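Here come two complexes built around subunit A, the first alongside subunit B, the second alongside subunit C.
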Partner chain A sequence: MSRLYVARNPRVAARSLDGEMMIMSGRDSTLFTLNKTATILWQSADGTTPLDEIVEHRICQEFEVEPAEALHDAETLARELASHEIIQISEEPIPQPNPAAGESR
Partner chain B sequence: MNGLLEQMTEKALKLNVPLSVQLDLTYRCNERCVHCYLDHDDHGEMTTAEIKHLLKEMADAGVFILTLSGGEIFLRKDFFELLEYARRTLMFCVKLKTNAMLIREREAARIRDLGVESVQISIYSHRPEVHDAITLVPGSLKRSLDAVRFLKSQGLRVVIANVLMTQNMQDYPAVRALAAELGVDCTLDPTITPMMDGDRSVLSLGVDQTALQQVFRDASLVGDVEEFCAISTNPDEDALENLPCSAGHTSCYVSPYGDVFPCVQFPLPTGNVRKQRFIDIWRHSDAMNDVRSIRVKDLTTCTSCSHVSSCSRCPGLAFLEGNMRGPSSQDCERSYARTGVPSANMLAKKRAGAGQNLGQTNLGRADLVQIRVLPANVETSATSATA
Partner chain C sequence: MPVRVNTTDPAFLDILQDRYSGFLGSAERAEIEFDVDVTVPVYPVPDIGVRVTQRLGRWSLQAGDFLAEWEPASRTGRIRQTANPYSIDAVLRIVHTLVLAQQGGFLAHSASAIRNGKAFLFAGVSGAGKTTISRLAPPDVTLLTDEISYVRKQDSGYIAYGTPFTGELAKLGENVSAPLAALYLLAQGSENRIDPIPPGEAARSLLANLLFFAEDEELVQSMFHSAFEFVSRVPVSRLTFVPDSRVWELIG
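Let's look at the complex of A and B:
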C-alpha cells in the first residue's frame, strides 16, 4: 500500500490563536479554523513524515482511537484540507521551502 | 468583517492579542501627494535586521494580518527580502498599500509567488490631469494603472483606493467605472488626516458638506439611502459599554522608526520597539492601556449626542484635536451631512458662540468611514469551514 505525504501549502497564511489554528486560503482569502486533529495534522505536515507515522506518533498519542480507524479519518481529513489548498498531498515526499507552521501563542 | 474573522477578532480581544498591525516600512515616497500627512525625509528607518526582528516578535505576539505601507514600500531595497520573510517564514496574511509606480511585470509575479492577500493602490481620478496634479508626478496615473493591470493579470486581488478631495470629488463615479472595467475592487474615502506634526492645513482639501451629502445619498455606494441616512435611536446601556474602535484593542501601528501607536491615525506614543519588546509595549504601555480603558460611556459630549450609536467617531482624530475622549469634529460634521441633524458637539460650539454657521462651515473634512463600493467583498472573506 502506498504511503501518503502531507505538506503545508506555502501560499496560505497561518497563525495559532490560543491553540486554535487560523488559516487563510491563498486561493481566495477564505478563512478557516482547524479543529484539534486538523491542527496536529497541519503542524506535522512537513512533507517528509508519512501520514501513517503522523497518525501513529501524534494523533493516536493524543486521542484514544484505533490506529486503522485514525488513519482512515486522517486520510479523509487530509484530502479535505488539500481540496481547500491548505495542504498538499502526494505519494512521494514533498520538498518544503521552510519549516514554518505559523506557530505563536 | 464578518463570520469567522469576527469570531477570531472577538477571541483576540479577550486574549489581548494584536491580531492586526500596520507597519510602515518607510516614509520616503516617489510621489508628493498634496494631502499627505507624512514628512518624507528619512529620519533613521529601521534596518532590515531590525524589521525582521520586529516581524518575529509580532508573529510570536499573535499578529496575523500584516499591512505593509508607507511612504512608498517599494523604495526599500530590501522590500522583497522582508516580504519573503513575512510570508514564507512567518506566514502572515500580508496586505500591501502602495502607489504601485514601481510595480512592473516582474514585481507583480514575485508578489503573486509570495502569496500576498491584496494590494491597495491609490487612484485619485481617471483623468491624468487630475490624478497627476494630486500626486505632483507627471505620468503617475498611467504607471499606477499599468501596475493594476500587471497585478490583476497575475490573479492578485487589487483594491483601488480613491480619496475624495475638492480636486477630484466629481470623478469618483468614473473611477468606480474604471475599477469595474479593470475587474478590481474600489473604496472611496473622504478622510484627510492632519499632518503627524499636528499641522491641520491639509484639511482644507477635504470635500464640503454639499459633496458629502451627494456621496451619502448615492444609492450605488451606500445601499438603502433612507436607512443609511436615518437618525439613530437612543443607545441602550450595552451600547455605552462598547469600544470606540479597534485601535489599541486588536490592532496597532508601527512607524518606520519603531514607534508604536494605537493606529496610523492616532499618533499617541506608546513605546519604541528599538528599546522594548513589541509584546511588552502592547501589554504594558500605560498609554496603550489608557486607550484600552475607554468605553463609549466615557466620552465627553458624545454620550449625550443623538449620533452616539451610529457615529464614525475616530479617537485618533479626536486625539489630534486635543482630547482622545472628546468628539472628533470632522466626524460630527459627517454625521450632520448624513442625517441633517447637528451633533451635540456642534450645538455646544454654536451655543458657546465658537461655532460657525451650520451648513456653511468647514464641514466634512475628514472621517474614518470608508465607503466601500457596492457590491464589494468584505475586507477579508471569512467563510467558516472548520475542518
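Let's look at the complex of A and C:
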C-alpha cells in the first residue's frame, strides 16, 4: 500500500491561540478552526514524514485509538483539509521551500 | 487619512461636499488622490458583486456602479462612476481597507464612540445593536460611527477615528479620534452585562466583522495576523444589553 505525505500549504495564514489552531485561506478568506487531531496533523505536516508515522508517533500517543482506525480517520481528515487547500497531499514526499512557511508567528 | 477628490462636475462636487460635511479639510494634506469621471447612469445597474484584484502594483476595483483603479506607489487613482455618492463611498471604503491592512489597521462592522478620552468599539452583524447602542449614547459620548469603524495601529496600541460612513442612524460620526480601550461584541438580552470571552473566540469574532474585499493572498495574511495582534493588545468582551440607556453605565 502506498504511503501518504502531507504538507502545510504555505499560502494560508495560521495562528495558534490558547491551544486553538485557526487557519485562513489566502484564496477566499475562509476561516477554519482545527480540532485537536487536525491541529496535530497540521503541525506535523512537513511534507517528508509519512502520514502513518504521524499517526503512530503523534496521534496514537495523544489519543487512545487503534492504529488502523486512526490511520483511516487521519487519511479522511487529510483529504478533507486538502479539499480546502489547507494542506497538500501526495504519495511522494512534498518538497517545502521553507519548513516554517504558513506557521503562526 | 485625507483624500483629495478631483472632479470637473460641479453638481457632483456639491454632492460630495454635502455628503462629507464635517470631514472636509485642506487639499494640501491629502495622502490619497482620486480623479473622478462622472458618467451617465445606465439602468439597470448590473449586479456583478464587488471584485478587488491586484496586478503589477495596481489595484482594480469593480462593481456594478463603479470601476476604479488605485496605485499605492503613487497614491493616486481614478474612479469612473455616476454622480452617486454611495459609489464613491464604496470605493473609499475599499481603498482604506487596502491601505490599513498593510499598516496593521482595519475597517470593521462596528459602531464606535469616545467617552472620557477613550474609544470603544461595538461590533456585530446587522441587527446586533450597533445603531441601537449609538442611539442610546448619552450627551457626554462622542459618536465616531454607527456602522463602520476605522482603526489604525499606533505604537503598541490602536486609535479609533470618526468616519462619514453611516448606518441606519444616518448621522455622520465626529471627525475626531482617541486611543482604543475596548472592543465589545454586541448581543441583545434581558440584562446589561459584560462577560470576558476566550482569545480564540475574540479573534474569530473580530475577523468575522472586518471589511475586506481583496482577492490577494498576501493581504489576507496581513489582515489575519493583524486581527490576532489586535486581540492580544485590546480587551475584547461580550456586551449583552437591553435596549435602554442604562447600558452606558457600563461603558467608560
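In this section, the second predicted complex is superposed on the first by the 100 of 105 C-alpha atoms of A that agree within 3 Å, B and C clash if a C-alpha of one lies under 4 Å from a C-alpha of the other, contacts with A are read in each partner's own complex, and residues count from 1 in each chain.
Here is the rule we use: a contact is a pair of C-beta atoms (placed from the backbone, for glycine too) under 8 Å apart; a residue touches a chain by one contact, two chains touch by 3 or more.
Everything numeric in this text was worked out from a predicted model, so none of it was measured.
Q: Look at A:S2 in the shared chain and tell me whether it touches subunit B only, subunit C only, both, or neither; answer first, second, both or neither.
A: Once the two structures are laid over each other on A, A:S2 reaches no partner at all.
Q: Is A:Q61 contacted by the first partner subunit B, the second partner subunit C, both or neither?
A: neither
Q: Which chain makes contact with more of the residues of subunit A, subunit B or else subunit C?
A: The partner that reaches more residues of subunit A in the superposed model: B.
Q: Looking at the overlay, does A:G26 come into contact with subunit B only (first), subunit C only (second), both, or neither?
A: So A:G26 meets both subunit B and subunit C here.
Q: State whether A:N35 touches subunit B only (first), subunit C only (second), both chains, or neither.
A: first
Q: Scan A:L77 for contacts with subunit B and subunit C and give back first, second, both or neither.
A: First partner only, subunit B.
Q: Does subunit B (first) or subunit C (second) touch A:L17, or do both, or does neither?
A: A:L17 contacts both subunit B and subunit C.
Q: Give me the intersection of subunit A's contacts with subunit B and its contacts with subunit C, in residue numbers.
A: In subunit A, positions 11, 13, 15, 17-18, 20, 22, 24, 26, 28-29, 31, 33, 105 sit in both the subunit B and subunit C interfaces.
Q: For a test of understanding, state which residues of subunit A touch subunit C in their complex under the given definition.
A: 11, 13, 15, 17-18, 20, 22, 24-29, 31, 33, 105
Q: Contact residues on subunit A for subunit B in the complex?
A: Touch list, subunit A to subunit B: 10-18, 20, 22, 24, 26, 28-35, 37-38, 77, 80-81, 84, 86, 97-98, 100-102, 104-105.
Q: List the residues on subunit C that touch subunit A in their complex, please.
A: 198-200, 203-204, 207-208, 212, 215, 217-218, 220-221, 223-225, 228, 231
Q: Taking the touch rule as given, give the residues of subunit B at its contact with subunit A in the complex, in rising order.
A: 3-5, 8, 11-12, 15, 17, 19, 59-64, 87-94, 115, 117-118, 157, 380-387
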